[in-house]
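Naming follows writing order (A, B, C and D), and every chain is counted from residue 1.
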Amino acid sequence: MTATIDTSLPTVSAHIYPRGGLDVLSRTEVARLRDASAGGMHDLLRRCALAVLTSGSASDDPRAAQELYPDFEIEVLQQDRGVRIDLRHAPAMAFVDGEIIRGVAELLFAVVRDLAYTAIELTESRDLESSDGITDAVFGLLRNARILQPSDPNLVVCWGGHSINRDEYIYTKQVGYELGLRGLDICTGCGPGAMKGPMKGATIAHAKQRKRRMRYIGITEPGIIAAESPNPIVNHLVIMPDIEKRLEAFVRVGHGIIVFPGGVGTAEEILYLLGILLREENAHVPFPLILTGPTASAPYFEQIDRFLRLTLGEAATSRYEIIVGDCAAVAKRMAAGVRKVREHRIAQKDSFFFNWSMDIPLAFQRPFVPSHEAMAALDLHHGRKPHELAADLRRAFSGIVAGNVKEDGMRRIEQFGPFEIHGDADMMQSLDALLRAFVEQRRMKISGEYKPCYRVVA
Amino acid sequence: MTATIDTSLPTVSAHIYPRGGLDVLSRTEVARLRDASAGGMHDLLRRCALAVLTSGSASDDPRAAQELYPDFEIEVLQQDRGVRIDLRHAPAMAFVDGEIIRGVAELLFAVVRDLAYTAIELTESRDLESSDGITDAVFGLLRNARILQPSDPNLVVCWGGHSINRDEYIYTKQVGYELGLRGLDICTGCGPGAMKGPMKGATIAHAKQRKRRMRYIGITEPGIIAAESPNPIVNHLVIMPDIEKRLEAFVRVGHGIIVFPGGVGTAEEILYLLGILLREENAHVPFPLILTGPTASAPYFEQIDRFLRLTLGEAATSRYEIIVGDCAAVAKRMAAGVRKVREHRIAQKDSFFFNWSMDIPLAFQRPFVPSHEAMAALDLHHGRKPHELAADLRRAFSGIVAGNVKEDGMRRIEQFGPFEIHGDADMMQSLDALLRAFVEQRRMKISGEYKPCYRVVA
Amino acid sequence: MTATIDTSLPTVSAHIYPRGGLDVLSRTEVARLRDASAGGMHDLLRRCALAVLTSGSASDDPRAAQELYPDFEIEVLQQDRGVRIDLRHAPAMAFVDGEIIRGVAELLFAVVRDLAYTAIELTESRDLESSDGITDAVFGLLRNARILQPSDPNLVVCWGGHSINRDEYIYTKQVGYELGLRGLDICTGCGPGAMKGPMKGATIAHAKQRKRRMRYIGITEPGIIAAESPNPIVNHLVIMPDIEKRLEAFVRVGHGIIVFPGGVGTAEEILYLLGILLREENAHVPFPLILTGPTASAPYFEQIDRFLRLTLGEAATSRYEIIVGDCAAVAKRMAAGVRKVREHRIAQKDSFFFNWSMDIPLAFQRPFVPSHEAMAALDLHHGRKPHELAADLRRAFSGIVAGNVKEDGMRRIEQFGPFEIHGDADMMQSLDALLRAFVEQRRMKISGEYKPCYRVVA
Amino acid sequence: MTATIDTSLPTVSAHIYPRGGLDVLSRTEVARLRDASAGGMHDLLRRCALAVLTSGSASDDPRAAQELYPDFEIEVLQQDRGVRIDLRHAPAMAFVDGEIIRGVAELLFAVVRDLAYTAIELTESRDLESSDGITDAVFGLLRNARILQPSDPNLVVCWGGHSINRDEYIYTKQVGYELGLRGLDICTGCGPGAMKGPMKGATIAHAKQRKRRMRYIGITEPGIIAAESPNPIVNHLVIMPDIEKRLEAFVRVGHGIIVFPGGVGTAEEILYLLGILLREENAHVPFPLILTGPTASAPYFEQIDRFLRLTLGEAATSRYEIIVGDCAAVAKRMAAGVRKVREHRIAQKDSFFFNWSMDIPLAFQRPFVPSHEAMAALDLHHGRKPHELAADLRRAFSGIVAGNVKEDGMRRIEQFGPFEIHGDADMMQSLDALLRAFVEQRRMKISGEYKPCYRVVA
């Protein structure tokens, strides 16, 4: 005689009828949507939907939701001339007395909407190889997600780690609060930690300021959403097709960026952004960039700062500002910066909702695959143009991270030995020191002792 | 010494910045729009724009506006990342103290929007040869024009002549008033006469009922708009690419149709609609159709009725109702009919905003070009299925009209003699009588004596 | 055998549940409202309600409605903790398929609301003898009617006759249209003629300008409403307790006044207004006043102008402007004038919605009863201060009108002979000429030959 | 030589211009408001204003704000025809970059509005001695505060202690969250602890349900507001003139009440409510009452329950329900209870926004002053009608609390010895046990050892 213990969580099955955006579709569009969601994009859809349906849960383990709701299934059906979404064994936490929570339903429609747009619109018929073509795709996806609205510039992007310490988290809330008091909206990567704190703080401030139309935009991509389930405050969710388009989306829709403490991902983001801002083409484009954290995080930013000065030169510091332990000052500076952005856009007759002027070259738009060859081709020497060096540094970073923690990269290192990187010694040492500090500060998850996956070739 | 007398009307030149729909465009879209409006569609754009800018003027002479504003010019420009419309020597009546009237500006943007959609979207890449493909194009254009909104069925299409007599005009206003009192919105061909009266009446009724969101939709096409300038009440204007798509648009978005007295065009419309409604495929689709006019118009409808009974059989009368001289009864019946449409859509889970269930075969979607061959190929004999006969009768009508009043058709008749039409004598006599009555009642403009442009072949 | 022919018009009986204003009442308030409406104010309520329920009917005969609906009855009931209005044998024209038209219901609630306010609030406990007290009562009634809203100054009061000729009526519509194009709202005495035309024209213009919140305010009083039933465009109705408070309401809420051709009432209004504007206390208060009509009305205004110059002196002309036959010019001047009012209010930190600065002395607030003594006490000689003379002229006017056409006044004349008026001969002749012109132009209804009811005493 | 150290906090001085409610005042009203605020009500105004300006601060010490901002001053001025509020040395935390936070300004206007209403409207001219008169005053004040709106019943009153433990606080948030998910709004006493938690939880839930118009109503009174500064979520603040009117306000506007763990005040509130609910007159009036807390609070509610059963009899338990450790169950029961309230109001044609049916006798509306005589007059014996006993128990409670912790009461005890209370022994022991438990659980602040301030007289 055997006994089975049912460890599964409560679930609900339901039919959901979309509204707003997915509600006025043609017969053909519904059919295409149904086919796409039953075909190639189905696994992705299932995973993203589950992330959204467990939005706000405590866990940040990417696989947790998948294991907790093994029988979850989603299907997009053609209901005569409309769309119906069928959920089976969906997490009960997304429902109240049998009815799906409206905000969760909206995020669910956003998932279907964006994956369908990617699957149906961003196909071979579209130019996705040129820089303009990619920017157009980013624009199309964001407009389809109704993110692009002609209103005054007020969108602050907040970057930072998803597993920061409590002090740092509280600080991000306070900064969000100060931003919200000044009428600014928040856009983040939509996970926990530094991506949730600013939204939470802004919510309270917006309520106190009786702001009616507040935007808490979460921009994510399929590889991240499962690990970083949108926090419950997000009221606009966009799923970009890949990391590069996600980064471009941040830069195009944000009117300024605040960087909180974070790990390697955050460092990569800083380098991506500086690589763009330091281009001559963008020298005249105002774009407030503030690095900030609580007083205790001062050393973290000092180290980042040193690294940036050493590698990109003193000039790089003109495009960012470090403020430590002063939330109100951060918000004031950002508000002032956004006002300058507004003036610039008006002067240039540029749109408020999409930063067309910012030049983002194809090199930043194409994904970097860190093979041994690609890593060996990097050119990390003094004397290069800062923006080119920044681009290569970002790639080096990306590769090293992959070699240390990503399954794919680790396997390559085992097989072919450490990457060989050509670079000046001081630069490489500084990079190394930065990575070790991340490990020590537990900003980078390493099993066992940290062992560099590269060696420097003079 | 010569003197020139300046007979031109006051004009204004201005830059207009679109909003709502044309305001969130990508760089590429703006460029395409600029190119299209400077290229093939420019003449059309100029003509339609002029019609809109003289909206509400007394004249209904198609060429009047063109002659009164010979120097009028319109240009669509790429204003950095947005669109700008430049008007030169535009009719001053569209402006107040140098600023364009907001409603006129909206109609102007509608013109640019729809012509651009047709020029850019409805190109060879799209399937415009199949029935489904054409319906999809109609859907796409209407959605792009923001006509398709998920709200309760309440849209009544009103057809009828643009040059009706005063009695008839007042009656159309009264019917519009009674419709408006019952919360119904109005859709017409957007010109004067029977296309304006119902909107005017509904406006007063909507105000009395404190209705907030009222729709006065005008659906037109490039060949008509110049002659039938949108009346000033129209708050949604759509320009379909051709007559057949315009007719399909009426049938797809309307929840019922009221036909007021009119001329040959109106008769054609009735035959088009009955040709569709009498199909077996549509037997179960509810669609209220009411023919109505003031008491003095009774003979007009009796004649139409006789003609329909004779040609399409008694069964045809099941799909329409004639009410004479009773506005309130018309509105009550229509409201009841629309309620049935609502129930049917709910039962079928069909959308409220687009009548997908109505089967419209390709034959009704393709334009009929009345050559001598095409006319000789018509088969107007008793015994055919009513809907097939209705289709051929519509074509016969269309051809005869062309032969009598359209430049193209008249030339053909001069060159090749009258059309030869194969049909049963009684049917042809009835058709002839109808046409003669139109001439007598001044519903059809004929210069000189009316002379049939066809002869019957047994 | 006798037969009775039912000549009565169709009626409806219904229960109406108020909303907006009358919907949040205390138990005590409901009881007081019920008592008041069943008690002293009942006849008044019945008469005013009937006027509102026949709003928009063709007739302008004050007694017509009373005779056509002899069985009409209205009752205000205490429905547990709310108010219910019961209508019996009410005019069917106020209903659609058994339901009252929403706008008519709103006007009906306005009637109950204002009569109740007057009956319950404006009682002896209130100071209605001092100038400040009366102004406070006017303020209280208007606020209770939700007329006072903090929005930008844009309210133009239009005065003029209710039985003007067709030319003049069309002109009032055109002026309303031009005002509406410039975003101005309309306030009138809410009857037909010059009180309806401007609202009608503005409606079309507001629709073209896509104005969302438009106000068509009708200010009336119990003695007038029956004769001048609110036209169907009025969306805010206020019933002031008497003529003087009604005049004060116009001056306090309007940001400018346009006077169209009219009869004796209009002349009285002009004198009332000039009597106020010519006071030294008001010398600095901007208040645009335009007298206008179609070209054919030029002689009318010339005569008025002559009369004003002669009696009040050339200085009086500084407070008004006469524009003939140019609607757009009228609207432009008014818009400019209203802008000045706005600036003045801002500079003085005065409210936009109530003209506190305008000094209106008690003499203008108290009703003038034209007894022989009162008429003999008038002092119509050159040399007096213009504003005092204006006040006495208004009274003279009022008395003469009463002596000619009001039952009460005519009886007095029959009994005691003509009024004796002390005044300078030229002034009296001019007044006489004005009155004769009104009779000739049919602006004043006289049965039989016109015979002055006064004689001048040197 | 002396040195002064400035320990004061940063302050701001500013002019505030009210809007919404205080913006359309008559000249007289402004003058009266200015006079009242400069006269008798000034101290009160200053204290309440300070509480509102420090809303959201950590401290819950009533005197803290007074000491921290010793120079704070508020003045209401007549700004020509409007009101201006001048703040001097106001807490800087209420401002952002020199501008007052909009929500704080609204609370400030609410303070002025309600104190002025009390001072100006609730004067001797008003009947404040009869039960109906008092209820009318409560109604008047709430309507003036715009709390009474005709919308569906959904207002849940939450009572409970302001200094509960963390477990209990989190539980109140979770209950608020579950209430919010079901569309319910929250009304509390507007301080911290159990008065803040439910609002905070509901805020998140309302955001997730995309609720647009959410009400977080705080009802307070002058003696409490300083100690229990409105939490920052409150978006409607009402200051009732005294504790009894505040309690009546809760009962009249709430559609159900949830009681969380609390101290003596909460116990008093329960007895007040049961005293009303157990009246025969209210037997048919549905009113959901749920006592709830986390699992660890079970003993607390068991003791309360025992006390109520012993004193008021088993019948009393029919009017409340105890649910422990199940937030969702609490919300479901409350939602079901509110639905019943809705049905009852519809059936009775009673208003949704004010519970007129609930009979509250004068004895509950008049303040109880716990003198030795009054305490000796209490009649705490078995056999009395439950609602009468409840009323006397509430008074006993009130007196004992005063004798233990209120300055006034303690002085009386010192002077005249302990109160003598006439009651059955078991009842008094139970009451005593309850009080001791409050002391042990730190729900009642006692300096030194707890010593009963009363003795039982058989």
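The working rule: a contact is a pair of C-beta atoms (placed from the backbone, for glycine too) under 8 Å apart; a residue touches a chain by one contact, two chains touch by 3 or more.
Only a predicted model underlies this, so the values are computations on that prediction, with no experimental measurement involved.
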item: Set of chains adjacent to chain C and to chain D; value: none
item: Chain pair among A-D, A-B or B-C whose interface repeats that of C-D, sharing over half of the contact pairs by residue number; value: A-B
item: Between chain B and chain C, centroid-to-centroid distance (C-alpha), Å; value: 45
item: Whole-Å gap separating chain B and chain D, where each centre is the average of the chain's CA atoms; value: 65
item: Per-residue overlap in chain C, given as positions that touch at least 2 other chains; value: none
item: Touch list for chain A against partner chain B, complex; value: 19, 23-24, 26-28, 79-82, 132, 135-136, 139-140, 143, 148-150, 348-351, 353-354, 356
item: Contacting residues of chain D [partner chain A, same complex]; value: 56, 96-97, 101-104, 106, 181-182, 203-204, 207-210, 232-233, 235, 332, 335
